[in-house]
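What follows are several structures.
Both complexes below contain chain A, partnered by chain B and then by chain C.
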Partner chain A sequence: MDTEKRKAQYREMFGRVADALGYKFSPDEEIVDFILEQEVTLEKKHGNPFCPCQGLKGNREEDMKIVCPCIPFNREHFDAMKRCWCGLFVHKDVEDPDELEQLAYSEFNS
Partner chain B sequence: MMTEDVILYTLSTCPWCRKSKAYLNERNIPFDNIEYDLADEETKEMIRNVIEESGEKLAFPFLKKGDQCICGYNPKKYAEILGR
Partner chain C sequence: MEEENWTLAAQESELKDDRKAISLNGQNILLIRKDDEIFAVENRCIHMNCKFTRGELNGYNLKCPCHDWEFDIRSGEMTVASELKLAVYPAKIDSGTIYIEMGD
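For the complex of A and B:
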């Protein structure tokens, strides 16, 4: 698998899904490129482009919920942060992703 | 008084985990780091238990100091519990 080619495919495939959900790729191109690269590595190792910032549990049903883009499985939490957990995607109205914080699930859920 | 060691659970693929490590290193805060994805199964299970008991999803970075836990890279909260 050619990493750069696969990253370009992700951009197109994931971009379409994220767009329909009201998200876009982060304007921080450095982080986008890094995360996509990690996802290619994860796909090579595990068969799917899992979120690089969430852990695999070894339970297929649970693990499939963190295949990128995992927004639908975490919608309310991510909407509250205006970004997904790894920061690959942000709400369409976000211009400066540095202003956004990772909000812990327990905090969001309290 | 017992020293409360700082433990940082991370993923080798996570950019925010790298930022967390840099935060601690830049402030000379000693910490133990375990990379969940590179750990053996027994260690992974231990980490899953710690994180789930804190009410979090299995999301990284996860910093622990005594009873206090912070899930996610959050410099403001790091400063609050680490004092710098």
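For the complex of A and C:
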């Protein structure tokens, strides 16, 4: 698997999903490139581009919910932060992703 | 009154395990027979382009075999995010022949 080619494919496929959900790739291109590269590494190792910022649970039902982009399965939480957990995707109106705070799920859900 | 534009898609006898993947007008489509109804859905997951041909059907929910994303074959909507939709086409069976309406 060619890493750069796969990253380009992720951008097309994941961008399409994110766009429909009101998200876009982060304007921080360095972060985007780094995370996508981690996902290629995970796909080479595990067969799927899992979110590199969340741990695998070891069972398919749960792990499939963290294949990137995992926005559909974490919608309320991510909408509250205006970003996905990694910060790969942000709400379309976000111009400065550094202003966004990561909110632990336990904190969001309390 | 809108004019119907039915296109011959397959013979009902060609379905195997109530399914048949076809290509029509450049579109990959999966025909699914459930009970006495026939459904026609885009045979490409919006997520990573996987084909649904071997996807599990639970009620009206078709699960992508690659990453388990589920879509309602009646509306095309993803079960947990209705904004994500597969194309669905009106379909009917007439005397053992399956027709779908591709639109313009």
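Assume the second predicted complex is superposed on the first by the 110 of 110 C-alpha atoms of A that agree within 3 Å, B and C clash if a C-alpha of one lies under 4 Å from a C-alpha of the other, contacts with A are read in each partner's own complex, and residues count from 1 in each chain.
Everything below uses one rule, namely that a residue touches a chain if its C-beta (ideal position, glycine included) is under 8 Å from a C-beta of that chain, and two chains touch if they have at least 3 such contacts.
Values in this document were obtained by computation on a predicted structure and should not be read as measured data.
In the superposition on chain A, A:L100 makes contact with neither chain B nor chain C. In the superposition on chain A, A:Q38 makes contact with chain B only, not with chain C. Once the two complexes are laid over each other on the shared chain, residue contacts for A:E61 go to chain C alone; chain B is not touched. Note: no residue of chain A belongs to the chain B contact set and to the chain C contact set alike, using the contact criterion stated above. Put simply, chain C touches chain A in their complex at residues 46-49, 67-69, 78, 80-81, 83-84. Those residues of chain A that touch chain B in the complex are listed here as 31, 34-35, 38, 41-42, 52-58, 85-87, 101-106, 109. Residue ranges of chain A in contact with chain C, taken from their complex: 13, 16-17, 20-22, 48, 60-61, 64, 67, 71-73, 75.
Chain contact summary for the complex, chain B toward chain A: residues 11, 13-17, 36-37, 44, 47-48, 54-60, 70-74, 76.
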